[in-house]
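Next up, some structures in C-alpha cells.
Same chain, two partners: subunit A is paired with subunit B first, then with subunit C.
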Partner chain A sequence: MNWRPRLADGTAPVLIVLVVLLVTLAFVGPTFSEPAGYLALLKRAAPLVILAVGQYFVIVSGGFDLSVGSLVTAAVVIAARLSDGADANTGWVIALLLGFGLLVGLVNGLITTRLLVPSFIVTLGMLLVLDGAVFLWTDGAPRGALAPSFRVFGRGGFGQVPWSVLILLGVVVAAAWFMRSGTGRTLVALGDNENAVRLAGGAVHRLRVLAFVLSGLLAALAAILLAGFAGVSAQVGQGLEFRAITAVVLGGVVLGGGRGSVVAAAAGALSLEALFTLLNLIGVSGALESAVQGVILIAAVAAAAHGKQLRRTHEQEVVRPGRGGAARADGVHQ
Partner chain B sequence: MAALLALTGCTSDLPNAEPAAADKTDKTSEFFNQAEYDRQLKFRTATPVGPDGKPWEQMLDPELADTAKYAKPGGKHHLCFSNAAVNNPWRQVGWKTMQQEVKLHPEITKFTVLDAEGKDDKQISDLQSLAGRGCSALIVSPNTTATLTPAVEAACATGVPVIVFDRGVQTKCPVTYIHPIGGFAFGADGAEFLKEKVPAGGKVLALRILPGVDVLEQRWAAADKIFAGSGVKVVGVEFTGGDAAKTKSIVSDYLQREGKIDGVWMDAGATAVAAVEAFQDAGVPVPPFVGEDQQDFLRTWAADKLTAVAPTYPTYQWRTPVIAALRILEGQQVPKEWVLPQPKITQVQDYVEQDMPPLHYAMCGCESMPGYPGPWR
Partner chain C sequence: MNDVLVRLEGVTKSFLGVPVLRGIDLELRAGEVHALVGENGAGKSTLLKVLAGAHRPDAGRILVGDREVSFAAPRDAQAAGIAIIHQEFNLLPHRTVAENVYLGREPVRRGQVDRRAMTAGTQRLLEWMGEDGIEPDAEVARLPVARRQVVEIVKALSADAKVLAMDEPTAALAGSEVDRLCDLVRRLRERGIAILYVSHRLREVFELSQRITVLKDGAFVSCSPTEDLSPGELVRQMVGRPLGTLYPARDSDPGEVRLALRGAGNGRLRDLSFDVRAGEIVGLAGLQGSGRSAVARAIWGVEPFTSGVVELDGEPTTITGPRSAVRNGIGYVTEDRQGDGLALRQSVRDNALLVRRAALRGAAARRDSDLGSLLESVAVVARGPDQEVRYLSGGNQQKVVLGKWLAVSPRILIVDEPTRGIDVGAKQTVYRLLRKLAADGLAILMIASELPELLGMSDRILVLHNGAIAGELPAGTSEEAVMGLATGHGLGEV
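Entry: the complex of A and B
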C-alpha cells in the first residue's frame, strides 16, 4: 500500500502560507524558538479557529453566519451573570451556554430553510437581535463574574499544554472526520448544486439546519474559551464574524459554497492570527489590523474567482473535466 | 499577497495611525495645548471651594455668575435632561447616580429625559422637542462638541437656563458648564506615577482605547509629554479597542518582544485587569500599573498587592447638574465654568467594594445616597 496523506482541494496554498508565517515568527520572536511560543499562539488562536470551523460548515453549504460575533458576546455576558464567581455553577453554566449556541443555530437554520429568508439576512438579523438583547439585559455594563474553574478552559492548561489547544485539536479532528463522512460530503455538494442533492435524495433542509447548529454550537464553545482567556467584556465578540469569514476565505473556501476543506479553513484562521502576531512583533501598529484583514478578504476572494475562471478554461482545453486538473489550477493561482 | 500587504503598509501615515513606537515620543500630539495643560495641572493642587467630603458640590477657582433672572420661586420645577447616551458602564453609573440625585429634591416635581442613543441627529431633535415641553431648566450632556453647538444655542435662545456637563459645546450661552479638571490632568496623573516608580531606562507600554476622541487624546498627549521628559522608554503605544482579549494578546506580545515591561500606562481602565493577567499568566511580576476606578481593577490591585494608581474621571459629576439647576432656579450664583475636583486613587482599600459589579466606578459619590447600593447593582 502506498498511503499518502490526502489533502482536499485548495488546502496546500494556505498550509504553505501558514508554514512561511510560522518560520518567520521563529526568526522574529525569541520565544518562538521553543514550543512554548507556538503553544501560546495556538492558545490565543483557538477561539478564532473554532469559530472558523463553524463558519466553514455554513459557508461550504452555500450560506453565511454573521451572528457568531454577537453570539459570543451574549454567551460571555450570560456566563458572567449566571456563574457569578461561584465554582459550583461552572458545570451547568457551560451546558447552558452550549445549549444556547445550539438554539441560536437552530433558529438561524429553521428560518433560512422554512421561511426561505437568505442566510445573510437571517443571521444579520440575529446579530442585531442578540446585540440589542445583550444591551437591554445588561444596561451596557456586564454584571457578575466568572468563576476560576470556568476560566480554566481558556486560561489554564494540562502541564505545558493549554486546555484550549487540546479542545481545538479535538474540534479540528472531529470536523475533518465529519467532512469525510457521507453527511460531510453531501454538505459540500449542497453548496455546489442544491438541486442535484435534492434529486439524489439528500435531506437538503436538514443538512442546512445542521450547518447552522454546528456553527452556533462552536461559537458558544469559542465564547467559553474567550471568556476564560480574557474575562468578562461586552465587546468580546465585536467583529469576530468578519474575522471568521476572512479566515475561512483565506483557507481557500469559496464563498457560495461547494468547494474547500475544513482543515484549510482552520489553517486560514491560524494563519490570520499568526500574521497579526507577526505584525505586532515587528512593530506594525495594531490599527492596521483591520486594513490587513480587508485586503486579505478581497485578495482571497479575487484569487478564488480568478482560479475558477482559469479552471473553466483549463477544463475546456483538456476536454476531459477532471478533479485533478481543477485542483492543480487551484494550487497555482491561490 | 506580500505586495498587497506592503501597499497597506504605505497607508500607515493616516492622521490617526500610530507610527512605529520608537520614534513616537519625539513629536508633540496635535491635541496638545500648552496653556490648557498648564491650567489643568495647576487645578490639581488648587483648594476647592465648597463643602468638605462632597466633591460634587465643590468648585475649583470659580468665577461666579449672576442667575437672578432665572429665579423661579415656589418650587415645582420641571427638570429636563438631554442625555447623549447610556451606552457604556461609565455613563450607566453616572445616569443611575443622577436619577438618585433627582429623588433627593422634592422641589423637582417632573423629570423629563430623552436619550440620544449616541446619535447626534437624535440629540438635535431631542433638544428641539424639549424646547416645547415647558422645562424649568435644561441639562445637556452633548454627544459631540461641534455638531451639538447650534442645537444648544437654539435651546439657550428659548430663555430656559441651560446646564451643560461632561463634554462641552463651543458656545458661552449655557448658564454653567460642569466638568472635572480634564484629560491632561488624567493622563498626567498616571504618567507622573510611572515616572516615579519605573527606574530610569525602564520600558513602559502605553495602551489606548482608540484614536481621535479628544478626551482620550488629551490623556495621551499629557502622558506623552511627561514620558518624553523622563528617563523611561515608551516601547509601544497600542490601541486595544476596549477589548479585553486583544489587550491581553498585545501585552503578551510585548512581553515576548521586549523580554520585560517595567510599567503600563492606560488611558482608561476597562481592560486593565486583562493587561494585569497577561503578566500573571506569563509568570512574571506585575509592574507598576495605571488603571482607573472600576471595581474589577481595584479588587485585583488590592488582592494582588499591585503597585498602582487609578486616575479618575469621576462619575459623581452626574450629581452636579441637578444641584446646579436648583441653585439657578433659586437665583443663587453658580460658576460660569464649574470645574470639579478630579481625584486619583492611591489608597485602594478605601475604595474596594467586593459586592459591586466589576465595572462599577468607585468615584460615584453615591455611597451615602439613600437606597445605595440597590440601583447601582
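Entry: the complex of A and C
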C-alpha cells in the first residue's frame, strides 16, 4: 500500500513551522535536550490548544467567539470562590464550571441565530458583560482559594505525564474524530455556504449553537487547567480570545469559515506557545508578546489570501481541461 | 467590408504546461456581431481574458487596427477601446448610474466633480443606444438586473470602447429581458460597435451574429458566416461528434400518484391542483414572474401554501421547511446552483453527502460506502472525490447536485432550470439522467425557461399564468400552444 499522510488543505505550513520551532528549541534551550522539556511545553500550551480547538468550531462555521478570554477569567474566579480550599467541593465545582461554559456558549449561539446579531458583536458584548460581572463581584481582587484536588488537573500528572497533556490529547483526538463525522463536515459546509446547507435540510441554527456551546465548554475546561497551573487572578484570561484566534489563523483556518482543519488549529496554538517560549529563552522581553502576536495574525491572514490568489490563477485554469493534469498534493479534509 | 478593429493571430496560452489556448485566430469587425461558442473548458473564458489584458499570451499577436499591441494589464486593453461585459457586474450598488458610468474618470470643473456633465453625458449615451427608462440619477441598487447590465455597457462606451466582448450576457435574464438585450445588441452593431458574443444559447447566437467562431479543447475549429451554418452542424462542431437526438426517448409508464396538490395556494399562487406520478416528468412552464419557482418553494415549505392540501403518496402532509421536505422524500435542485446548491470550497465527497449528513440521522446519515457508485450513476468527471467542486465545470457541478439528492433516494424530485449555464454535452447527460430516474420510478417536476428543453423532456406540461394553472398540454405540444397559455391568450389558434 502506498501510504501517504492524510492532511487537510493548508495543514502542511503550520506543521513545518511547528517542527522548525521545536528543533530550534532543542538547540537554544538546555531543558529541551530531553522529553521533559517538551512535556513542560505541552503542559503550558494545553489551555491555549484547547481554547483554539473551541475557537476553531466557531470560526470554521463562519463566526467568531471573542468571549472565551473573559469566560476563562469568570470561571477561575467562580472556582476560587466556590471551591474555598475544600477538596470535598471539587467534583461539583468542576461540573458547575463546565455547565457555566456551556450556558455562555448557548446564550452566544441563541442570540446569534435567533436575534440575527453577528457573532462578532454578540461575543464582544458577552466579553464586556462577563468582565463587568467579575469586577462587580470581586472588586478586582478575587477571594477564596482553590482546593489542592482541584489544582491537580493543572499541576499534577499520571506518572511523568501531566494530566493537562492527557486532557489535551483527548480533546484533540475527539475533535479530529468529530470533524470527520457527518455533523463535523456539515459544520464546515455551513461556513462555506449557509444556503446550501439549509436547503439540504440541515438544521443551521442548531449547528451554529453547537459550535458556540463547544467553544464555551472547552473554554471552561481550559479555565480549570489554567487555574491549577497559574493560580487565581482577575487577569488570568485576559487576551486569550485573541491568542486563540491567532492560533487558529496560524493553523491555516480561513476567517469567514469553510476551510481548515482542527488538527492544524491545534498545531497553530502549539506553535504560538513554542514561539513565545523560544523568544523568552533568547531573552526577548515578554512585553513584546502581544506585538509579536499581532504581526503573526496579520502575516498569517495575508499568507492565506496570497495563497488563495495563486491557487485561483493556476488551478482553475489548469484543472478544468486537464483530467489527468498536474499532480497536486490531494488532501482529505480531516 | 467592415473595418477590422481587433485581430488575434495564433494566440497560445498554457498554464503550468497545460495548453489552454492553441493558436487561436479571431477577427472583430466594426458593425458586426461575432459569436464565440464552445463547450465549457473550450477556452472561451481564457480567450476573453487575453483580449481583456488579464492574461498575456505565450505566443501569437494581438493587433488593434494595424498596430501590434501588448497588454500588460486590463487598463491597456481599455485604453485600446476593448471592454468586457462580465457575467458579474462591477458596479457600486449605492451610487447613481451616472456616478458608476464615470467611476474613476469623473469630469472636473473648478476642482469639483461636475455632476451635471456626468448626468448629461450618461443621458446622451443612453439616447444614442436607444435605451430609455434608465434615469442617470437613479441608484443602481434600485435597477433590475437587466438594467444594470445596460449600465455596464454605457460605462464601457463612455470610456470610448469600440469593441464589446459580452460573456454569457443573457444567462441571468428572463425571457422578455433577453429580447430587449438582443435589440440593444443589434442597435449597437448598427452604430458601428464590434461585438464578441459568448453564449451557450444557440438561438441567440443564430439570431444575432453574422459570424461564428467555434473553439474546442482550446483549439480553433472553424469560423464561418452564420448563414452557412445550421444549428445541428454547429452543435456537431462544438461537441466534435453528432449529438444524435438531444432528448432521450420517453418510455414512461406512469405509476401511482406521488405528489398531489388540491386547491393549494398562498400569497402568490392560486388554487393549484395537479398530480405528479411515479415515472413521469411533468414540465412546469410560464413566463418569469408567473410563479414557477414559487410552486417549487411552496411544495418545499420555504414559502409554504396557506390554503389547500398537499398529498404525498395519498397522505395529506404538511411540509414545514427544507428539513421536513427532505425527510418526506422530496428533493429540490435549485435554480441557483452555486448560491444554493453547492458548498464550493468543499470536496465532491462532502457535497455529494451533504443532504444525507445534514438532514438524516443515525446510521443513514453516516453511510458513505456507496459514494463511488453514487458518483458513477450521475457520471461526474472529477479527479477524485477529494477535488473541490469549484474546480469542476458547470455541468459536473450540476451532476454533483443531482448526486446529493439521489443519495437520499427521494420519491419526488423538483428540478428548477437543471441545465442553466452548462454546455451541450453535459445537458444531454443531465437529460438522460433525469429520464432514467423517471424510468426507475421517481416523480419529477421540471421547471425550465427554454421551451425546446421543456417540450423535449416533459410527459405533460402545466402552464402557469399569474400564479394559477392556465392549462395542461400533452407531450409533443407546440411552443406556440405553451406561449398562448403562458401569456393568458388561451390556446391561440388551436
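As a convention for this text, the second predicted complex is superposed on the first by the 314 of 334 C-alpha atoms of A that agree within 3 Å, B and C clash if a C-alpha of one lies under 4 Å from a C-alpha of the other, contacts with A are read in each partner's own complex, and residues count from 1 in each chain.
To be clear about the criterion, contacts are C-beta pairs under 8 Å (C-beta built on N, C-alpha and C of every residue); 3 or more make two chains touch, one makes a residue touch a chain.
The shown structure was predicted, so the numbers you read here are calculated from the model rather than taken from an experiment.
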| item | value |
| --- | --- |
| Subunit B versus subunit C as contact partner of A:84, first or second or both or neither | neither |
| Touching partner for A:203 - first (subunit B), second (subunit C), both, neither | second |
| Contact footprint of subunit C on subunit A as seen in their complex | 181-183, 185-186, 188-189, 192-193, 195-203, 258-259, 313-323, 325-326, 330-333 |
| Subunit B-touching residues of subunit A, taken from the complex the two chains share | 17, 29-31, 37, 40, 44, 47, 80, 135, 139-145, 155, 226, 229-233, 235-236, 238, 277, 280-281, 283-288, 291-292, 295-296, 299 |
| Residues on subunit B engaged by subunit A in the complex (per definition of touch) | 1, 4-5, 7-9, 11-12, 14, 16-22, 86-89, 91-93, 211, 236, 238-250, 252-253, 256-257, 259, 270-271, 273-274, 277, 281, 296, 357-360, 377 |
| Subunit A contact footprint on subunit C (complex, rising order) | 15-18, 20, 40-41, 43, 46, 217-218, 322-323, 325-327, 332, 334, 339-347, 350-351, 353-359, 365-366, 381, 383-384, 386-387, 390-391, 393, 404 |
